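What follows is a group of structures, each given as structure tokens.
Next, two complexes with subunit A in common: one pairs it with subunit B, the other with subunit C.
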Partner chain A sequence: MTQNKTLIEAIRIVVVVLIALAIGFVITALVSKEPVAAYTALLTGPLPKISFENGFAITNINRFGNWMEESTTLILLGLAVAIVFKARQFSLGAEGQMLLGALATAVIALKLALPFPWHMILALAAAMAIGFLWGLLPGLLKAYLAVDEIVSTLMFNVIALQLFDLLLFNWLRDPTAGFVGTVPFPDSAVLPLAISGTRVSWMIFIMLAAVVIVWFLMERTPFGFELKMLGANRKFAEYGGINTKRVIALSMAVSGILAGLAGAHLSMGLLKRLTINLSPGLGFEGIVVALLARNDPRWVLVAGLFYGYLRTGAQIMERSSDVTREVVLIIQAIIILLITAEQLFPRFQQWWGARRNNEAAMERG
Partner chain B sequence: MSAFVEMKQISKVYPNGVVANKHVDFAVEKGEIHALVGENGAGKSTLMKILYGLEQPTHGEIWLRGQRVEIANPHRAIDLGIGMVHQNFMLVPSFTIAENIVLGSEPRKGRFLDRAQAIAITETLSKSYGLQVDPAARIESTPVGMRQRVEILKTLYRGADLLILDEPTAVLTPQETDELFLAVRKLVDQGKTVIFITHKLVEVKEISDRVTVMRHGEVTGRVATADVSEADIARMMVGRAVFLQIDKPPVRRGRVVAEVRNLGYVAETGRPMVRNVSFDVYAGEILGVAGVEGNGQTELVEVMTGLRPATTGEIRIDGKPVQGQSARRIRLSGVAHIPEDRLTNGVALDASIAENLAVDRYNRPPFTRQGILSPRAIQTQAVALMQQFDIRAAGSAAPMRSLSGGNMQKVIVAREFSAEPALLIAAQPTRGVDIGATEFVHTQLVAKRNEGKAVLLVSADLAEVMSLADRIAVMYKGEIVGILENGPHLTEEEIGLYMLGLKRDEGARGEGRGARGEGRRELSRPSRKFQPSRKIMQRRSQHR
Partner chain C sequence: MSFEVVLQSIFSAAFIATVIRVSTPLILPAMGGLISELGGAINIALEGVMLAAAFTGVIVSGFAPQWFPGAPEWVYALTGGVAGVLVGMAMGWMIAFFHLELKTDIILTGLAMNILAAGGTVFLMFSLTGDKGSTSTLDSAQLPAVQIPFVNTIPILGTLLNGENGAGYNIMSYIAFVLVAVIWVFLYRMPSGVHLRATGEMPEAAQSVGIDIRRTRYWALVASGFCAALGGLYLSMGYLSIFQANMTAGRGFIALAVVYLGNRNPIGTLIAALIFGTASALGTRLGTMAIPPQFVEMIPPVVTIAALVIYNIRRRARINAAARRFQEQAEAARP
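Right after this comes the complex of A and B.
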């Protein structure tokens, strides 16, 4: 029965993706002189090219790297959002937690001198700690003072952004640089590379571990059970004896750990420094990933890879064709829109089922 | 003689594939009171919705006064003289009774409502059908019984010859039920025809001339009421013999399990909801709590189970004070709770049956060992409990949402009973569940009592309290106004007097120590006249 369901779900996703891609192609065809080439860039851009012309060679490994880097951040953010959404807490604080996570790594990296790997580990720990704190505060406000978490986390994002700018401008900034940013982090505080020729770092392993840990947390611990019951029906959870205030605060705090790690990935893995406008809006992309994955950590991995692929492909399409960035974003949004349209497929099934049943009833009658 | 209403070969298939009615033939004679009974989901509501134009049949014909009719919507039904009083009243709370009655076809003076005329219309209607209402009172300040009379008058004002009453007694006190029955008889005397939907068999016997029984969307019986017994009707409803009376061995009181002393609860609005309540619950007894709903029973239960904080007073379970403790601590002290609002508190609809069965115990062995949760242990328990409590579902992983009301209640009962509590608090445990499940819950409650557990049964269904409880505490305006020994000498009227606040025992509030020394309080007399009737007495003696 559940297997059957999984199969239907898989078919649903494939069908919807195909429909979405077809619509995307129609739009591309409307705006591009060479729609096939442009669309090919979107669809195959992130893949490395394997050629046998001059012996075996892999080219474009950097594009594959881009895909993995993008996906690593997205998956961490997707996990962060999945945790709070599972508990039905609509925390939108990942953006601020990510920024502060990156900021914390910069403080540790630039203001402390420690040997590798302790320097790196401490920086990561600082990012996770600040993320935890930045989730815990709105969590406590929600749990004990009934402050709406949507409002509070958005406000915390504003505070985080201003703190980030303030410290960067006044304390961490490299005054000799031609842009607003720090000096490069020392090697002791940079994540080692995992794939040469790319910026794919050890964070990819940390991310994979995080997927497993979050899955374990949700499915194999009492806390995960509490999270699920809180999300299913808060009053029921309270009736059963669950301390829902604690669970609300903790769910938002634990979510912050992962968003903090995503911030550390940006600073310690990709940029190896801190810059202004680190990555505006990225924190919200985690919502898309979590929604696609229906808050299941295993599917967050898949959805993060898919969404990362789409985003990387879109960037490549933008660079290598006459399709503008805006159109690329429109196509991307339509694809996401269709996939999250949960009722699209059930409606069809319902209509189909009703027709069959009616016929059956007629035959009997 | 042809029937007043005849529904022929009605079938209804919903778009989701549910077959609610299968070739139903249903006929009502002019001037009769026709009971339509069946368990939840038997298809009686669907059938009546079709008759009232709220649903369209997939198949079948409706004949009214010997002519075939199409009832496309309720407007058409009203034009044809069909009126329906829904279970949930559809009145405007801030309007007066007269305004509600004429709403939709108001008498006008120029462009405005003619209030004097509206009141006159209401008074005339009220008088001619013997349905007492106060035309100038606002709906929000009137009791439930009166609201129901307003609903009936509303349909009469619109010219209904046929009234469909959907479970009209569910919300009424015995006295109000009695008044309703008198009014229904008067309606019939004046040539109206009444279809009475219910699942209370006592009422079927008392009020109806004929009865149609439905089960699984089909008609399983169509008989003259006088020819059958309650047990016969129950058998037609359930498809097997049902035990309506519960055999209870005499009470063997054990130790005091729960002591409640001077308990008070003031709501966040500042309104005192529970006032100076004191009572004991003993091992081996069922203490019933009767009362019209909204007199503090809900709050009392929620305070006792740790879902709301007590404002004053003490609660001890097995001698240990528990007031102010968390719901979990109170559960661990040996209190289990079947909540009144099943869908809000008792279950998580989107979680699985197995998870629902583990919500109070997931964090201890065998479900959690060394901090690791075992879904397998949760599932194993679910399979065992589903078998033991006869829960019918697609499997333990099926979502709670897929269960019927009766099976949901069985899940709750299974969880709370398997917690092995010292005190079981059951609030409205059979509300909205079918006869089969009601029988099951009643049997289980008595079994717990016989095992020597203490049971606190809170119910708005007086018949339920009277058939199960050993002692009955009556709540009125947040106070316990009497604790009565149950027995053959105790009548529904007697309890009704306490429920309406017309009678109180000062001693009742001070069980054991505590509240005795307080000054007498003035009795608040409701303005409504109350006449005890012989009818309920008869009903009661038949029932015993």
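Right after this comes the complex of A and C.
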């Protein structure tokens, strides 16, 4: 029975994604002179090209690298969202936690001088710690004072952005640079490369470890059990003797750790410095990943790779055609709308059934 | 840079004029947020609606001269404004449709609308103008400023009522304040306003007396889109005269918080919006005096969180007091 349900759910998600991609194509066709070429770039762009003409060679490895870079950030953000959604907490704080995570790495990287592994480890730890704290605060407010987490996390995002700008403009900024940003991080605080010729760094291993750890946390620990109970029914969880307040606060704090790591990936892995307007709105991109994955960490990996693929493809499409990469945001919005529409398929069936009945009645009549 | 200079610049008529200018795009969407919030359907998409309306207003008013050549300038501005408002209302309706008919989570639907607006505006802007950053190549119309006659000759009052150069505030600033009054009357003096509040407060009770909850929430979300659209139009056709990618810069989210800071009533919401506007205006002003503006801009979100904390502590105290009273009465009644 459950097996069957999971299968139906999986089919539903695939159908939703296909519908969204189809609508995306229609929109592309409306504005583009060469919609097929544009969409081909979107859907096949991130793949490395393998050629056998001059012996075996792989080209376009940097595109594959872009895909992996994008996906690493998205999977970390997707895990962050999956944890709070599993507990049915609508924390929207990933954006602020990510910004502060990146900020913390810059402070450690630029204001401390340490030898290689320790400098990097300390910077990562700082990002995780500030993410934890920035999730814990709204978590405690929600758990003990019933402060609505949507409003509080949005406000914590605003504060985080102001803190980010404050420190960047007044303390960390490189005054000789032509843009608002810091000097490049010292090598001791940069994540080493995992694939040469790309920007894919050790963060990809940290991300994979995070997937395993979050899965273990959710499926094999008392905390994970409490998290699921809380998400299923708070009153019931309380009757069952679960300290729901502690679980609410911790779920948002643990989520913050992962968002903080995503921020560290931007600064220590991709940019190797801190710049203004780091990546507005990226913190919300974890939501679509978590939704596609139904908050299951294993599927977050798959959904993150899929959505990262789409985002990378969109960048390649933008460079090679007359369509901007923002089409992927439209596709994303349609995916969220359709995937959360529980009544969509029942309604469709109803409508389809009614039509068939009508036709049958007409044939008979 | 003395403290006096700071104080002087704060308590000037020109400063108050600035506050009104920067508060307008918070008051309007906050009124939208208030209506849907009171109807029990939180609208997270204020940000997206503002962005979409701001974009539509500029694009339609910019292309209107091709459709109606030779018409007076105000026709173009009006066409753009009406189109922007319609887009905002359509987005409100879409949220209602997905939430009420297809049973989506209203928060996720709102977020999807924000993403749709952020992506859709840039996507269409590039297709229509060939630019991804702003519509500066397009000659779009402006919403008019309204000047109150005769007061300019009076020194302080002139600046206060007609803005820094005496040219008057944008019409949207007036609409914002009028809207607050209209919504107050609607909520507290009209049956439909009472129905709306009942729907939000206790849907089952409202339904039991024959209020159509579904229809009320549809209208609440459409009205919410209407108000937020006005705020967006002000940004691109009043505050600035172009559309820029992501020009709302989180104002829609702040407007949502403003509703809570304002204790979910129109007057409180207006005051809360003015607090945020004052901090923003102050930040800009202090920025020219070598004081980091971020310090000041951090105050309103901190105040909002503090206000929520105090509100919930007081509510809890009230509930506890009521419970204690009940217990005492019960004990007193025991023989």
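We take it that the second predicted complex is superposed on the first by the 325 of 365 C-alpha atoms of A that agree within 3 Å, B and C clash if a C-alpha of one lies under 4 Å from a C-alpha of the other, contacts with A are read in each partner's own complex, and residues count from 1 in each chain.
The rule is simple: a residue touches a chain if its C-beta (ideal position, glycine included) is under 8 Å from a C-beta of that chain, and two chains touch if they have at least 3 such contacts.
The structure displayed is predicted, hence computed values, not measured ones.
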| item | value |
| --- | --- |
| Which of subunit B and subunit C A:Ala113 touches, first, second, both or neither | neither |
| Which superposed partner A:Ala237 touches (first subunit B, second subunit C, both, neither) | first |
| Touching partner for A:Ser152 - first (subunit B), second (subunit C), both, neither | second |
| Partner chain(s) touched by A:Ile287 [first = subunit B, second = subunit C, both, neither] | second |
| First (subunit B), second (subunit C), both or neither touched by A:Asn170 | second |
| Which partner, subunit B or subunit C, touches more subunit A residues | C |
| Contacts of A:Val26 with subunit B and subunit C, given as first, second, both or neither | neither |
| Touching partner for A:Ala341 - first (subunit B), second (subunit C), both, neither | second |
| Overlapping contact positions on subunit A, where the subunit C interface meets the subunit B interface | none |
| Complex interface listing, subunit A residues touching subunit B | 1-2, 219-222, 224-226, 228-229, 232-233, 235-243, 350-351, 353-354, 356-358, 361, 365 |
| Complex interface listing, subunit C residues touching subunit A | 42, 44, 98, 101-105, 107-109, 111-116, 118-120, 122-124, 126-127, 132, 246, 250, 253-254, 256-257, 260, 292, 294-295, 297-298, 301-302, 304-305, 308-309, 312-313, 316 |
| Contact footprint of subunit C on subunit A as seen in their complex | 27, 31, 90, 92, 141, 145-148, 150-152, 154-159, 161-163, 165-166, 169-170, 280-281, 284, 287, 291, 324, 326-330, 332-334, 336-337, 340-344, 347 |
| Touching residues (chain side subunit B, partner subunit A) in the complex | 11, 13-17, 19, 23, 58-59, 305, 307, 326-328, 331-332, 337, 339, 344-351, 355, 358-360, 362-363, 368, 371-375, 394-395, 397 |
